[in-house]
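One structure follows; several queries about it will come next.
Should a chain be cited, it is by its letter among A, B, C and D, assigned in written order, with residues numbered from 1 in that chain.
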Amino acid sequence: MTPPPIEFLLYGGALALVALGLAGLVMARHLFRSILALGILEAGANLLLVLAGYRAGGVAPILTPGTLGQPMVDPVPQALVLTAIVIGVGVQALALALALRVHQAYGTLDVAEVRGRMEADTDAAAGLEPETSRDLPAVERPS
Amino acid sequence: MNAVVLAVALPLLGAFLTPSLARLSLPLGRLFGPGLLAFCLWLLWGIARALGDATAGVALGGFAPPLGIAFHLDRLALLFALAVPAMVLALWPWGGRPREWSLTLVLAAAATGLALSGDLFNLYVFYELLAVASYGLIAANQRPAAQAAALRYLLLSAAGSALALLGIALVYTQTGTLNLAQLALLAPVSLDGPLGLAAFALLLLGIGVKAEAFPVNTWVPEVYATAPSRLAGLLAGLVSKLAVLVIVRLLLVVFQRPEATQLMLVLGVLGIAWGELAAWRARDLSRQLAWSSVGQLGIVFVAFSLPGETGVLAGLAVALHHLLVKPALFLLARHWNGALEGLRGAARRAPLAGALFALFALSLVGVPPLPGFWAKFVTLSGLFAQPGPLCSLAAVVILTATLVEAAYLFRTLTLLFGPGGEEPRMAPHGALDLGTATAFAGLLLAGVIWLQPLTGDLHGIARQAVDMDTYVDTDLPTPRP
Amino acid sequence: MYWMVLLVLFVTITAALAVLLAPNLLAAVAASSVVSLALSVLFVILRAPDVALTEAAVGAGLSGVILALALRRLGLWGLGDDNRPAPAEGSGDA
Amino acid sequence: MRNLTTLLFAAGLGFLLLVLAAGLPYGHPPMLVGQGILQQAPATTGAANIVTSVVLAYRGLDTLGELSILFAAAAGAGLVLGGHRRRRRPDPDGGFILIAGADLMFPLLLVVGLYVILHGHLTPGGGFQGGVILAAAFFLPLLGRPREALDHTAISWIEGLAGAAFIAIGLWALFARGDFLAPMLGKGVLGQLFSAGTLPLLYAAVGLKVGAELSGLLADLAATEARDP
């Protein structure tokens, strides 16, 4: 059996990153780890996009005396990924800022606890008694 | 026509400069943004008048369309592009800090870009821009609950965006282009298969986060219950509609196939059922309105999944109606955000607000003379005209949901107008909120009076939106391959 | 070449797993920087030097610094088992 | 339950995409747009780095959007963190090595950052990468001496004006040539520092803006208290 071509290996790797990122987002119980998992998901998508423009035997799309006349890889996906990487880091920074403030206010970044505290806070602001029927962990009422 | 890009560039310019200007002089910083938006409104109005029934493509930077980014101008795009500065002006956060004005301007620019762009990746960039601006605005009020809601929303929405990017990567791998018009030409061959459907599902899931589509709408009550009411109105009214517009464009132009439409229909039906039942269970007004928004967006999805001109007409009717009604309801609910039980007799103490609330609520349910009835009627008659059990099921679900909607909204109205409520613990409505809501009510009533010409206009828009030959010829002037 | 791609892919996936499963968050942040660095090697192999440079500067450098800074402000900076004594963090079977 | 559903979804998605991969033209992309750009770009923009041509000319609006996303993220983080920036216990000063190292690195990073920005149209790199290096240059001294603060007014002006400069170059092209962000000025000789018309100017604006944005963001993060006691 011949080994699969290099592009398919990379394609599989990118999909593995995406699947790992999604799984991490779903299963993480600490919001900080969710943010890290998000980074992995984006990395997988970026790898896939660069792969979309890869051309077997092509050279990098920069004109130098050495590359004139040779087939080049597609420059467009590279530009797109450039954009996507910068977008990703901006979103990550904003997420971390929010996580810092949530941690300051609630003292925890546990996914379920933060959700419980948030619902309780919203209920309290609306003047509602905390709901007991919902399948949330019991949390102490904020004073 | 090329000046249309100013409607995107100028708000961004304003956003960059507002914080610095506000340091120099606060009044200048305060008026800069609204001034720019008013100019954009005037500019877009002029372009819409000049364009009339025609369509136009704008090649940004002068690079012939398949290579560069293209804007596609038609009546549908301009309708939503005009709605953006108008709505943002109506819901402008006058009391905020300079950075909030900045972010609101960014939101306006991104929303305009979403309405106009005819390039897949450009749509993704504007979508992300819209999302990032809204995270910042939601968290701006320093309430811990709002920040927690913003963080949870961010994680969901960013995961959705990454999936959408994955979808774009699949489309690009298969076709090698991002221009929607060129994709429209290639799609029947290249994207016809499970791959195209997978790409559409990924894009739908990603953009559906903002459109409050069924599986990815858990953020809706959390954010709308904690965000400032003007922002909640903006997100529920305007931003969700633009996300829907992007999905509809993709559906009409690129992924025109029965499986994609059925996917949208199913998600819409699930959204209606889920949203209206949750709204019925809600115990406070902001979350009731939030869930009802999910239900309404479900109806929009179902309406747009109808084939051809009927679908676009019905979807537009429901979407525009909701665009007008929901922000006004959020504005009126601002001081009534407590538990429903605590609202006893609140409308008696604020008769104008109560009357307006009743008007909007009745239109939302679809009581006959009001535009809401007409919107639902168009959708339902379209559904009944379709063969197949799925469409009939959707029609039944919409009818049942209307009953549920009527039940909880009448319950709220009975509480509001009923007797009781000794302690007036609620502050009176601000003049600005009431004025804005009254203006929206005026527009709604105008819709009743001029229903005939309005229907004609919407028919024209729908006819143009489904005309793919014109779309392709406009954006790709070079002869077809 | 072929084996190099395999090796880098293996490093990437292992580091990604480590991000999700590492017992403490500092190690997870370090692993996420490794993911970015390995990706930038892959980008070089895919003839995308611009992207590789960006991934190295932004993904590994800047994002690592931001994450580490946030971790420090969260008071989770350390090689202990986790911030909370209760169940082990992200042990996979949540 | 929810976890299980989503995991099944993720696994199913991965499997489905893996199966679909067989039909995808990896390694031999269709390059409908790519081929056209490769042929046209050197003559149209005059930049040796074709990725730069795509980023700043063919897809210039995406780059403007990207800049705005960074701006919105930094402004959002400032709004979120800036509510009460009280520095009751600033971190202790870094040691001699950190301070001396930061002082030594500052000019070096500054020069490297500017080099990367200004050669973006010739070699890999450009405004975003160089901007990150600039931000590192300004942030390092802050690690050594946490009591000093960045001048937030200056940062706000730099990011505002750099962003405005990007849009202004675009508007200039709109009024002079009729197209927003169309390439302007002479193209020069391919491969020279002064070539490619307005592209280096655009990248300079991007670099300054990214640098100012990120150093402000890093300073905001560094200045946030650990936790209210």
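One rule holds in what follows: a contact is a pair of C-beta atoms (placed from the backbone, for glycine too) under 8 Å apart; a residue touches a chain by one contact, two chains touch by 3 or more.
In this text, all values refer to a predicted model and were calculated from it rather than measured experimentally.
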| item | value |
| --- | --- |
| C-D or B-D, whichever has more C-beta pairs in contact | B-D |
| Rounded Å distance between chain C and chain D, as computed from the means of their C-alpha atoms | 21 |
| Between chain D and chain B, distance of the C-alpha-averaged centres to the nearest whole Å | 30 |
| Distance from chain B to chain A - Cα centre to Cα centre, in angstrom | 25 |
| Cα-centroid distance, chain A relative to chain C, in whole angstrom | 12 |
| Two or more partner chains touched - positions in chain B | 121, 125, 128, 132, 135-136, 139, 147, 170, 173, 176, 178 |
| In chain D, residues with contacts to at least two other chains | 3, 17, 24, 26, 29, 31, 33-34, 37, 49, 51, 58-59, 62, 65-66, 69, 72-73, 76-77, 80, 83, 124, 128, 217, 221, 224-225, 227 |
| Where chain A touches two or more other chains at once, by residue number | 6, 16, 18, 21-23, 27, 35, 46, 51-54, 60-62, 74, 76, 78, 80, 82-83, 86-87, 90-91, 93-94, 96-101, 103 |
| Chain pairs that touch, as defined at the top of this document | A-B, A-C, A-D, B-D, C-D |
| Residue ranges of chain C in contact with chain D within the complex | 49-50, 52-54, 57-58, 61-62, 65-66, 69-70, 72-75, 94 |
| Residues of chain B that touch chain A when the two form their complex | 121, 125, 128, 132, 135-136, 139, 143-145, 147-152, 154-155, 158-159, 162-163, 165-166, 168-170, 172-173, 176, 178, 222, 225-226, 283-284, 286-287, 337-339, 342 |
| Residues of chain C touching chain A in the complex | 1-2, 5-6, 9, 12-13, 16-17, 19-20, 25, 28-29, 32, 35-36, 39, 42-43, 46-51, 54-55, 58-59, 62-63, 66-67, 70-71, 73-74, 76, 84, 89-90, 92, 94 |
| In the complex with chain B, residue positions of chain A that touch it | 18, 21-22, 25, 31, 34-35, 38, 41-42, 44-46, 48-49, 51-53, 74, 76-77, 80, 83-84, 87, 90-91, 94-95, 98-99, 101-102, 105-106, 114-115, 117-118, 121-123, 125-128, 131 |
| Chain D partner contacts - residues on chain B that touch it in the complex | 2-3, 5-6, 8-9, 12-13, 15-17, 19-20, 23, 59-63, 66-69, 97, 99-100, 102-103, 106, 109-110, 113, 121-122, 125-126, 128-129, 132-133, 135-137, 139-140, 142, 147, 170, 173-179, 182, 193-195, 198 |
